[in-house]
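In the two assemblies presented below, subunit A is common to both, partnered first by subunit B and then by subunit C.
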Partner chain A sequence: MIRGLQDIIRKVRPHLRLNTRLINYYWQRTKRNKLAVAGLSFLIFLVALAIIGPFFTLDPTEVNFEEKNIPPVGFGIEQSVYNIETDEFTTKEIHGTWRHPLGTDSKGRDMLAMIVSGARISLLVGLIATGIAIILGTIIGVLSAYLGGWADNALMRFTDVMMTFPFFLLLVLIVFIFGSNLAFIVLAIGLTGWTGTARLLRSESLSLRTREFITAAKAMGASDNRVIFRHLIPNVISLIIVIATLSIPGVILAEAALSFIGLGDPTVPSWGIILEAGQHSLNTAWWVAVEPGIMLFLTVLAFNFLGDGLRDAFDPKSNI
Partner chain B sequence: MGKSWLRDYIIKRLIYSIIIAFGVITITFILVRVGPSSPADKYLANIAATGQDPAQVTAAIDARYGLDKPILVQYADYMGNLFRGNWGWSFSTSMPVIELIKTHWIYSFQLILLSSLFAAFLGILIGIYSAVKQYTKTDYAFTFISFTGISIPNFWLGVMLILIFSVKLGLFKTYYDTTLPLFSIDNLKALVLPVITLGTGMLAGYVRYTRSAMLDNLRKAFVTTARAKGLPERTVIGKHVFRNAMLPLITIIMFDLGSIVFGGAYLTEIIFGIPGLGQVSFNAIFANDYPVVVAVTLIGTFLVLLINLMTDITYTYLDPRIRYD
Partner chain C sequence: MENVILKVSDLKTYFFTRGGIVKAVDGVDFELRHGECLCLVGESGCGKTVTALSILRLFDSPPGEIVGGQISRDGLDLAKCSLRQLRQIRGNDIAIVFQEAQSALNPVLTIGDQIIEQIRIHMPVDYTRARDRAATLLKEMGIPSAERVLSYYPHQLSGGMKQRVLIAMGLSCDPQILIADEPTTAVDVTIKAQILDIFHELKVSRQLSTIFITHDLAVVAEIGDRAVIMYGGKDVETAQVSEIISNPKHPYTSGLIECLPDVSKSTDRLTSIPGTTPNPIEMPKGCAFHPRCPKAMKICKQQEPPEIITSKEHKVSCHLYT
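So, the complex of A and B:
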């Protein structure tokens, strides 16, 4: 097992050398799309926030009922407070404080800390699940195109079956059956989300397969392994990057939607879990539902802008 | 040629759909059988309380559900039952699953139908306008808005609409009133927020697809010909360009129905408390009511299969240039 893995790494590593000249060229093209650059900047900020943010914020799990439902800075709400001595409810005007810049939830937890730790989880879910889906899709797509015949037929019919399932309904079924552990949710999204990638890569590889440089490589006696890793994959890598960028938001949203309907992992506060809790306290603390939603929205928007920009940059036919 | 070719194609396509349906059923069967829980699980607490032997009772329940038979026999039974319309018993609502679905499907249907009409109508109009006025300020504004619409999580949009229009402004009820008659103005009013919630994502997609399909066709030679022979611009856009752009749009709208809309409708029903199939499945999840959850996913999948089949056939019928071999 380990030997096999080492073998694969030894084979793949030389092909992963970065071609700096090409990267620079694509970067120059991407740079011209202002929205893509804005998206990229936001994502870099978000990743930095997710990595170092938790060291600076309060403890997101710390419950404090003395400080519950405090609005964000700049907002004030009327809150009825129970006075234990007089046994009466009195209304009190509460304003946001800089101790809790984004306010607190119904258990007095700091929203900023929860949003930051939620960023970590939502980003990790997006990256890992997309990684699984893309790798699986690439393997199935390229293999299908390369093997042809009955293997191609079988793989593609299987893809058709998986594609027929409405993505979210299948996800709900799987998570319902196997339980809502976060690791399992990530795996489930990865194992169901590969179909589009497989289809695209199959058709791309099919057209590449008949091109002269592949025929030439084969004529010179290149092995199947070499043709696939050295010639096919490097030529579809730009397509893979675009698909990955455009799939991540869907994956983040899928996890959030699962959490939203109560199928999320209650032990891990992703943005979806916070939103689900906030939904029930719209009357008393609207910001708990608003803040994670804005973060979700901005993250998805940023990935969409970046993905669109990359697609244009990688497309030799587009004039940008 | 002509007619018989189309008939052969439809038959081929039908057989293919049946094969896919078998695949779909097989996968759900495997998922349910591989899954860690069994129908006996929900009785275990009771069993322990009454002091019976859990292993014995579990075996009895498994036998009742046919889980003690060889796996291939179980598979054949499962298939047979599905085809005979015996979709199992929902113990949380105490009725056959098929009856449950018969009483609730209409709510999902009205939501999806109204949302699709709203999104397709408005989306196509805006898309055409954007394409005709390409690179103007309005075009940029619409492009930006449609990006926003695609990126907004639709369940969050639903919650925000409730927060603004129901909680703060009090214009709508926060929950869907199930006592309203289906075909009434009040019912339509109750569906305004859900339709906007579900329709926005689709709408944004349709704007982008329509715009690019229109732009593709606007550059074609036949448009220049139409203009050159002195047709008014209205006719050129409406009759020549739009009709050609329409075909790929139909496929995209149909494909969206399966991949995006069913999931979106599921969430929208839960947010607004509309008693459609999504809500039914949602309630069943928390009652651990297996057959219902499986049935809703299966119905969604079969509908996608049916829609794909119908799209393909209409497509070949509408566009005589298409020939599949």
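So, the complex of A and C:
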């Protein structure tokens, strides 16, 4: 039993071992791009927030109509309050309190708690959907380049068809058929978003395929599987990382857009859902829409900055 | 002959390209005997490398295809056997050392990873054992501090070291046959001498049978036992190396030998064979060499020359000897 385990570890270890020297080298190159570092810092902060934040904030689902529409700290608004006894509206000034630093929405839910739990969901959506898309795109792209001939043709024409298909319409269709379930939405984004990745990786692998070390790998008796996964894909890993970093914001935005037009999953408060709820009360409580909007904006920007920085760092031709 | 361990007969490898059919190898015959070093000699584009790749079917397919002939190894026809059977042979029974060590090593894997991988594909040994074996092999190739080199990436090694790593990789599963595709072309003269020494050593110590591909007759004279001279995808002359050098029969072979500079005489110009290698899509009719041949006759333009056995170990394809 233990020996078996040891053998498995030995088998897996060389595949998992990180090349610290190379990582250090790329970090030195990325570090020179200040925007990329800023983006990375923000993302680390966001991930930490999404993971441990919910343990410290209030319950984001707790409804309290006594405390509805409280503005963020430092802001004050005039609110008209209906008084049952006198049957008249009185205006009163409400100021933000530290109990709700980012205010509350029209149902009295704490905005900070909602933003934090929304971060968790939006990031998960981005990571999972991108993961699906990247894996599919990598396999299809690399396979297409490696096999060549009619298989390449078939796979690439399929990719073309997928590319021309209006994917947003497909999402709407899926929501229409299966209902607005977040899992389906994520799956749908992932299953349609791989086309660009496939094309990029195909073109990269095409040039790699003719390199002598691929022939050498075959010459040592490696199977096609081994050649693809052990010799081809590790050579395009840097490209995959860049593509993934640059496509996560697109996915997060797609989910937000879907939520915004009312096709999101109402049971899971992603930023898009909060934003959509906020747009109805822009007159009375502008912060409910603005806060998730700012978060989306910053997150997308951070991913893009980081992606650009990584692309430059991984590109041996650029001298930064 | 009973000690023949690989026999290639009438091998034809064509590439079906848009521009036409490239007959890279068009009827090559030779046999490799146990423990000998057989040299495939010829200019660029004469089909040496494709012949070597054909033995393990390593050319790109499509467009390449073996359209005829046999490659017999232990009763198995490598030209027709299944890919699964072929994979058992690749790297294990027949190994190949490529010309450019720089590009034949995967840049993102360490030297150790690559050697160990090959060992573990063919041998039932665990990781530690395979690593030890890899280190031993590197030491045998004269690489200092082999243990450390195992964790290096290819770009951290010099050209000569990389070439030695490649040879170590080729030998890692104790193959019976080693095919070396111009292993001395991409390195400088001192490294070249060292690598030739390694091959010489291997022949003595391991009784390894080698197919050595080169365009350099000086190298052939140094390490070859027998040589096959190739031209236009065909073998034009086969004989013992000493016989080839002292008594070349084919005008192309004599041309090649005359091209070698003689240091004892001072000349203003080096001799060369006039013309260039023929376009493989449109081979000249008759003997492929006739447009460049100083002794060409009328029949050379019309008929392909037959194979003539001039002595027990010497055969040549030329109309001069009919």
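Brief remarks on what is shown
Note that the second predicted complex is superposed on the first by the 305 of 320 C-alpha atoms of A that agree within 3 Å, B and C clash if a C-alpha of one lies under 4 Å from a C-alpha of the other, contacts with A are read in each partner's own complex, and residues count from 1 in each chain.
As a convention for this text, contacts are C-beta pairs under 8 Å (C-beta built on N, C-alpha and C of every residue); 3 or more make two chains touch, one makes a residue touch a chain.
Source: prediction; values computed, not measured.
In the superposition on chain A, A:Ala313 contacts neither subunit B nor subunit C.
By the touch criterion stated above, A:Phe213 is placed in contact with subunit C alone, subunit B being left untouched. Contacts of A:Ile177 after superposition: subunit B is touched, whereas subunit C is not reached. In the superposition on chain A, contact of A:Ala222 is made with subunit C only, not with subunit B.
With both structures placed on the common chain, the touch criterion links A:Pro234 to subunit C but leaves subunit B unconnected. Between subunit B and subunit C, more residues of subunit A are touched by B. On the side of subunit A, the complex with subunit B involves touching residues 157-158, 160-162, 164-170, 172-174, 176-179, 249, 253, 256-257, 260-263, 275, 278-279, 282-283, 286, 289-290, 293, 296-297, 300-301, 304-305.
Contact residues of subunit C toward subunit A in the complex are 53, 56, 58, 60, 62, 87-92, 95-96, 98-100, 103-109, 113, 116-118, 121-122, 126-128, 153, 166, 169. Every residue of subunit A that touches subunit C in the complex is listed here, in rising order: 7, 10-11, 13-14, 19, 148-149, 210-213, 215-223, 226, 230-231, 234-235, 237. Of all residues in subunit B, those touching subunit A in their complex are 19-20, 23-24, 27-28, 31-32, 35-37, 147-148, 150-153, 155-156, 159-160, 162-163, 167, 258-259, 262-264, 266-267, 270-271, 281-282, 285-286, 293-294, 296-297, 300-301, 304-305, 308.
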